[in-house]
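Multiple structures follow.
Shared between the two complexes below is chain A, which pairs with chain B and chain C, respectively.
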Partner chain A sequence: MKLLDFVVQKAIVPDLVVSSKDDAIKAMVSSLKDAGIFKADDEEGVVAAILKREELGSTGIGKGVAVPHTKHPSVDRLVATVAIAKNGVDFASLDGEDVYILFLLVSPPDRPGDHLRALETISKHLRNENFCNFLRQSKTAQDVYDLLEEADNDQLDQ
Partner chain B sequence: MNKSESNKKVTVGLTNGLHLRPQSMIVQAAQGFESDVTLSIEGHKVDAKSMLDLMTLAATFGTELLLEATGSDAGSAVEAIGGLFDSNFEGMDS
Partner chain C sequence: MNIVIFGAGTVGTSIAEILCENQHDVCVVDVSREVLDVIEEKLDIQTVCGSACDAITLFQAGVITADLCLAVTTHDEINLVGASLAKAMGASRTVARIFETRYTDTSTFDYKRHFNINHLLSLELLTAVELAKQVRSRGAFSIENFVRGEIEVQEIAVEKSSKAVGISLKDLKLPKGVRVGLISSGNQTIIPGADDAIKAGDHVSLIGTRDTIESVKKKFEHKAPSRLNVVIAGGGEIGFHLAGILQKGRFNVSLMESNEKRCEYLAGKLDNVTVLHADITRVSEMEEARVGKADVFIAATGRDEDNIVCGVEVRELGCSRIMSIVRRPDYANVLAKLGIDVSVSPREVMAKQVLGLVETGPIQARSSLFDGEAEIWEVEVHENAPITKAPLKDISLQQCLVAALERETYVKVPGGEDQIQAGDNVILLVGKDFTEKSLEFITPVKDS
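So, the complex of A and B:
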């Protein structure tokens, strides 16, 4: 699986400025809605489902990264967006550090394998420090998209 | 301290596979031991103390993994983390 198989180009948020975890999630879901991924009526439900998942344990996995996610019937395939928060967001992460890179995933209820493969793809690239550094330095949505494409094509040095 | 080695085959019993919550339970348990702890699928071996490592496993329901520990408390580490698999991560529903 490749990043651009599920990251929605139009929903990339290169300049996330928020003061809380909840606001970060709301902004990212709103961006997916604006990209036409689901109806406006579903936005609130998707946000609520992601926040409910966070209550079970933070998806701030450490090293400045969070992967908030949920299953939701409003999508018929796995979709995701990426946000870069230059100032960091307090995500109650496992290592206590703020997060700067966020991948938010929404998957159909009946496709757990796709969700695991998306996490695999994301983590594989995040283990490359160049990928993380370049992602955090991205200024525009196009910068982020180009970087994801380079990562997908294995064009980044390890 | 004596170095010892311990290992056990474990199977993913969660219908959603080894997703983020069970992974974080493994990391938290593994970090409590001095021993190096790894999980592997068909030769792809990762550090059980690292979320980013565990996420690369993408282990679906029914997948068999090899749990290995090396260090002074290897036996206890395998017992604790093997126990998480055996209990389906303390009775997680899916």
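So, the complex of A and C:
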């Protein structure tokens, strides 16, 4: 599975400025809605589902990255967006550090296998330090998109 | 029905008792022969000694031909594996009791689907939902829960000069998760359409998810009633879930817990609850927590005796409404005498669920609204039921409203474009003269 199979180009947020974890999630879901991924009516439900998941344990997995995710019937395919927060967000991460790179994933409930493959794909790339460093330096949505493409094509050194 | 129960603890034993009374064939599996001997003396059941995770034991217990397997041991993991094995071996339906509600979250991993179990039941959450229902019902208006507490039906009286008066339902802009099921104006009760309007003095029943109902109630009230002060004693799983539910409503919630570590955990999870580190068995600490000034006190510790004693204590201190969790049936008699107003037992909560599961027809639970003017049905939709054949807008239901729909683990209020599928749970609101007609829509038709 490739990142660009499910990352929505129009929803990438290269300059996320927020003061809390909740606001970060709201902004990213809102960006997916603006890209036409789901109806405005469903926005609140998706945010609530993701926050509920965060309550069980943060998806801030350390090294400045977080992967908030949920399953929700408002989407009919896997969708994700990427946000870069230059100033960092307190995400109650495992290592206590702020988060700078966020991948937010929403999948339909009846595709549990694809959901896990997508989480695996994201996690695999985020383990590459080069990928993370370049992502944090991205200035535009196009920069982020190009980087995801390079990662998909294994053009980045480990 | 052939029913196999894993675990002969308090819950397993009481389920076996209920099912025996209802003439079902019951087999109980437990690792302890002594425990099984005790239950065998009381009840006419089969027993098999062994682990619920052991296929040979399960084979001996007859899971291959079982209609229902209930895994209710004290270990979540054993329940998950046991129920999963039973299903794979041939049981028609399986239920696992779970303590950790994180097993029901599907965001990262869908345990229910992975283990292929029909229902994951948290008895602690269900008990909390039942208690919350009691706390929240003020005056004569009833609240009913369906679909394991996910869906709520609430009656309310529309006050004069509330925002909703005179506005047609389609202009009322109710959020997606809720709808007006019935309007009763004294002499007649209707299931309203989009153009019907509400008058002052009407009684309406709202159907929807708990949180959304709470948020729309204010449209029907002149002004919000004052907030009640609620004190919960005991921050175990039940107390935790109860506080979590009540903090979203019109309550000031305090939660008392004696373990300091647990207090820290609770305070971190419950943003709008005052968590007090206090020992409820000490009167001085109860006084400090000002329980005497509380409108409602709920004793929810793990010990019946503590719950009863501190309930009586708090009554002496001046609290007017006392509720208590009482697990042992033996105590039921003395409670009223001691001035405890409401007692909720997890056994009874479980019994309600289990009796729904052994229903052979499509209707799992039913209750009536507005003095029998209408009924609410919780329905499990089977293959070939006429209601599954077309989108809802093309199904000519008369005085029958599909008020809510549960598919997978998601609950929603369906619209006209939605189509019901086999395996869905639906909540139907049915006018009293249309019950037979409505039943036809959910009764499977054999292909000819």
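One rule holds in what follows: the second predicted complex is superposed on the first by the 158 of 158 C-alpha atoms of A that agree within 3 Å, B and C clash if a C-alpha of one lies under 4 Å from a C-alpha of the other, contacts with A are read in each partner's own complex, and residues count from 1 in each chain.
As a working rule, contacts are C-beta pairs under 8 Å (C-beta built on N, C-alpha and C of every residue); 3 or more make two chains touch, one makes a residue touch a chain.
Bear in mind the structure is a predicted one, so any value in this text is a computation, not a measurement.
With both structures placed on the common chain, the touch criterion links A:P73 to chain C but leaves chain B unconnected. Contacts of A:L56 after superposition: both chain B and chain C are touched. In the superposition on chain A, contact of A:D41 is made with chain C only, not with chain B.
Using the contact criterion defined above for the overlaid structures, shared-chain residue A:R127 touches chain B, although it does not reach chain C.
In the superposition on chain A, contact of A:L116 is made with both chain B and chain C. When both complexes are aligned on chain A by C-alpha atoms, chain A residues 56-57, 69, 112, 116, 119 touch chain B in the first and chain C in the second.
Residue ranges on chain B touching chain A, taken from their complex, read 15-21, 24, 27-28, 51-53, 55-61.
Residues 41, 45, 49-50, 52-53, 55-57, 69-73, 109-110, 112, 116, 119 of chain A are the ones touching chain C in the complex. Those residues of chain A whose C-beta lies close enough to touch chain B in the complex are 56-57, 59, 61-63, 65, 67, 69, 94, 112-113, 115-117, 119-120, 122-124, 126-127. Within the complex formed with chain A, the residues of chain C that make contact are 102, 105-110, 113-114, 176, 269, 407-410, 412.
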